[in-house]
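Please see the structure below; I have some questions.
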Amino acid sequence: MSTAYTRDEMMTVAAARQLKDGDVCFVGIGKPSAACVLASMIHAPGLVLIYESGTVGTRPRVLPLSIGDGELAETADVVVPLPEIFTHYLQGGRIDVGFLGAAQIDRFGNLNTTVVGPYEKPVTRLPGAGGAPEIITHARDIFVIMHQSKRGFVDALDFRTSAGHLGGGGERRRKGYPGKGPSVVVTDIGLLRPDPDSDELVLVALFEGRTAEEAQAATGWPLRVADKLEVIAAPTDEELSALRSLMARTDAAHKAPIRIKLKQVQG
Amino acid sequence: MPAFLSLADAIGRHVEDGMCVALEGFTHLIPFAAGHEIIRQGRKRLHLVRMTPDLIYDQMIGMGVADRLTFSWGGNPGVGSLHRLRDATERGWPNELAIFEHSHGEMAAAFAAGAAGLPHGLMKGPMDTDLPQHQEGRVASVVCPFTGQPLKAVRAVNPDVTILHAQKADRRGNVLIEGISGAVRDAAFAARAVLVTVEEIVDDLAAPMNALVLPHFVVTAISHVPGGAYPSYAQGCYGRDNSFYVGWDAVARERETFLAWMQEHCISKPDHRAHLESLGVLA
Amino acid sequence: MPAFLSLADAIGRHVEDGMCVALEGFTHLIPFAAGHEIIRQGRKRLHLVRMTPDLIYDQMIGMGVADRLTFSWGGNPGVGSLHRLRDATERGWPNELAIFEHSHGEMAAAFAAGAAGLPHGLMKGPMDTDLPQHQEGRVASVVCPFTGQPLKAVRAVNPDVTILHAQKADRRGNVLIEGISGAVRDAAFAARAVLVTVEEIVDDLAAPMNALVLPHFVVTAISHVPGGAYPSYAQGCYGRDNSFYVGWDAVARERETFLAWMQEHCISKPDHRAHLESLGVLA
Amino acid sequence: MSTAYTRDEMMTVAAARQLKDGDVCFVGIGKPSAACVLASMIHAPGLVLIYESGTVGTRPRVLPLSIGDGELAETADVVVPLPEIFTHYLQGGRIDVGFLGAAQIDRFGNLNTTVVGPYEKPVTRLPGAGGAPEIITHARDIFVIMHQSKRGFVDALDFRTSAGHLGGGGERRRKGYPGKGPSVVVTDIGLLRPDPDSDELVLVALFEGRTAEEAQAATGWPLRVADKLEVIAAPTDEELSALRSLMARTDAAHKAPIRIKLKQVQG
């Protein structure tokens, strides 16, 4: 039996477990980053982490706050210009998994990170696309991580920033997307996976102590539940202690004061 | 060979009202000092271009220097919204701001095409998103003449001026950039004029053979502005001040606190050194 | 992660008759050892791709491994003709050789498009030359959808196998290339399989942050073949043997002297080390 | 009065004099390279030499035999991937002067480096285009250097590899080429420049001791001669001694034996 843990910790651990050793993973900032770094510290030491800032094969010891922290460059196998990440790595078909977050997701795994409300007169203006449309198109597989709530799991997106399974029923495959699209959505309640025929996201697994009703109540469409629901094991002591020390190191690093020593002109 | 100018002179001579200006640097090497100088000199109606607007564009937009923004991700990384950018797009304060939005891949293609003298770049799809409805004249469908495959054409971006921060320049004006470079190389080659602020001016760059060096004939002016990327960072010189980014959220949330901060730390200060002193970040 | 194989195994497993194969490296880091191994293993009907065929393709073509050649400059640099290439194109010896000719800019665009997963690259013109008459299906005119400007589309090149030589690999299979790199990065990313011969296998590449590194997941197999670029060179390891290039002219001019040389220095030798010994160039 | 000198030396010196200090010059291999390196050692220390191999701002102490000798990389400000040279530097409009040689040239400065005789059944197969078609299109100005002979200065090219002034009479300008095309051809007899209206190459200058008749006899079309022929001064002692020591260093370097010390696998 393991220690007490938070729902956030469970979500991050479950997300980390999705990654296989040796995967080449295009990492989104925030929760995806925590999951990927955690995986690389536990069961997937050969996981290759690529951030869109241009850092390839990076092994950060603390989580980056931004997608371009110095930590990512210092621990990378190589740092390349950002356009090369999009042409040679992503569009060139070198990425196994893209790991993304979003503000809204619909039943077919389409994502919105652009705007809530109308585009021209937004209720909430979100940051926008970033690299997500290209990641979701080209990475062979896509994992999504999001807190489950009716605000985020919506019946209809306000804006489709990134194409998941489109209208479902194999539309994405028929259109010849290079990558297969979102294959799992990790939430703070459990896991959703697309139905192989309809592409509709189905609740397939629950974290210990969570219920299907809870998931349905947190979803803006009538969420289907798999006949047989897997139960996800609680975080192991190893996972929890790795995650917590990662978070502690990260907090300390982000709070460390920056002091600048100005350089003078030589000679 | 580039001119070696004070930052005030470089901005004064090369950045004019109404110009298309890109301050690039992807999280790393963001030219904050140059952005502040543009604010101090009261430029108006700029068309700002940046993949990630970041705090420097939040500040510039909040101070009313821009009426257009081309970008692909407009947030405070790992923190939340850019409140001044949102106030401009959602409520037109301090002025209306037209936004020309892209994905990162599109912006990279637009800069790369601009750098290569091409009118557009190419991307492979499909990418069924709602963005193209808002990209008229900037994104179009084309067909490969060999395979019949549909492709996306992205119109080139060619700023009037690209402004960068870098670790070093040598006395001939060659510029060395180490670490995360984002789209800076392409933003520089795409521009008609290139202004660079640097941490150091040295006799010898001591660059590795295959480093990222902007040769002097691509650079218009160089200004010695140590600390010029703060609160962004300069690899090998100083780290990113993540706590500043976190703290900015509260400063920028309301117009009054924002204006007061800008007055105290930017407008009333003669230069970047005084700005850094006012923030208490000098060693 | 790439397999660490003997060169004979790497070629034996990954290069098949009839394949499209690019041995790249622009003057620098030309994979001579790998080319010789392909000759030793008697591959046939290869479609060879290289910007600058150089002596290694002169040798391969003269030994009859290829029936197609895609290239952009086919000479012995600073010396003169590639006599075996000329004998093949002019007199069909030892077999007919179809040539698919480009300019350097076109080849670079074709490799870059291939690397980026695009079916074609773009170039700006005009370029009124006689080449397009001989480039059917490889070069076409297209029009920019934004400006109406005519552009040249160049069909992507995607070799079945790209073969490179490099200074170092680490034990995870990351490859470091220092110095002149030509189109090697793009030729590697454009290929379905990538074989690399290296001077050294090390624990730590000690690569500068922004170096040219091929990450291990792009590399299929690595073979430790020190001296594998000779008579081309490996920056930091050994220089280009210009006298070999000059001397090759006399060797290759006649079929008999060529065949005798290949027999003595390549075919009859078990591996590259023995080849180098036979030339007396080992220190 | 200077020392005795060869016609080749005169040609190289005259070519070098065409280059202005500070020019950004795209250098072809062979004679163009000798002229450019010589210029950088004498009157144009700020000349920026770019070779298509990717070496930018190189300052070789010996002439490269190939366009990618290590000397070029070791003395460069930076070495970039070759595709970048063609996209960012050449097509991007960053080159002032392209300096080229050729096997054949016609009266309008069009060049052939591809084939003598028919393309499919050549009399002489030449190396081909290399970067010349792009250089001649995009560099703001083009200098050509060639020995003058009826074999090289032909009435009609066997193959047009690189576009000079096309059919003349402003055709190149009308077609909107970014660069202005060949503005000078340096031969072993003198200099030819295009007529401003017809674009036809006209003999405008002679080396000491050479004659217009000699030039006409070495040209495969009826060569026009300018009303006023400039006479090019003989190489100065400084030019000759710089050129000769450059050539001596180059000879020695190219003859230096290469010996390889094989590296073993570590550990």
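Order as written gives the chain letters A, B, C and D; numbering starts at 1 within each chain.
Operating definition for what follows: a contact is a pair of C-beta atoms (placed from the backbone, for glycine too) under 8 Å apart; a residue touches a chain by one contact, two chains touch by 3 or more.
Note that the structure is predicted; figures quoted are calculated from it, not measured.
K.L.:
Once you find the CA centre of subunit A and the CA centre of subunit C, what distance in Å lies between them?
P.N.:
Using C-alpha averages as centres, the distance is 40 Å.
K.L.:
Hey, how far is the Cα centre of subunit A from the one of subunit B, in Å?
P.N.:
Each chain reduced to its C-alpha mean, subunit A and subunit B end up 27 Å apart.
K.L.:
Could you tell me which residues belong to subunit B and also touch two or more other chains?
P.N.:
In subunit B, the residues touching two or more other chains are 112, 116-118, 123-124, 179, 181, 185-186, 209-212, 235.
K.L.:
Quick check: what residues of subunit D touch more than one other chain, meaning two or more?
P.N.:
Answer for subunit D, listing residues that touch two or more other chains: 73-74, 79, 87, 91, 138, 178.
K.L.:
Based on the touch definition given at the start, go ahead and assign the chain network to line, ring, star, complete or other.
P.N.:
The chain contacts form none of line, ring, star or complete graph.
K.L.:
Can you name every pair of chains that touch?
P.N.:
In this structure, the chains touch in these pairs: A-B, A-C, B-C, B-D, C-D.
K.L.:
Using the touch rule from the top, collect the residues of subunit C that touch subunit B in their complex.
P.N.:
The touching residues are 116-124, 137-138, 140-142, 144-147, 149, 151, 153, 155, 177-179, 181, 208-212, 235.
K.L.:
Which bits of subunit A are touching subunit C when the two form their complex?
P.N.:
Against subunit C, the touching part of subunit A is residues 22, 24, 46, 48, 56-57, 73-74, 76-80, 87-88, 91-94, 138, 178.
K.L.:
Flag every residue of subunit C that touches subunit D in the complex, lowest number first.
P.N.:
Those residues of subunit C that touch subunit D are 26-28, 51, 71-75, 77-79, 81-82, 85-86, 89-90, 101-105, 108-109, 111-112, 123-131, 133-134, 179-183, 185-186, 199-203, 212, 224, 226-227, 230-231, 233, 235, 237-246, 273, 276, 281-283.
K.L.:
Which part of subunit A faces subunit B closely enough to touch in the complex?
P.N.:
29-30, 52-55, 64-70, 72-74, 79, 81-83, 86-87, 90-91, 114, 119, 121-122, 125-134, 137-138, 159-163, 166, 175-178, 253-267
K.L.:
In their shared complex, at which residues does subunit C touch subunit A?
P.N.:
Those residues of subunit C that touch subunit A are 1, 112, 115-118, 174, 185-186, 189, 205, 207, 209-213, 215-218.
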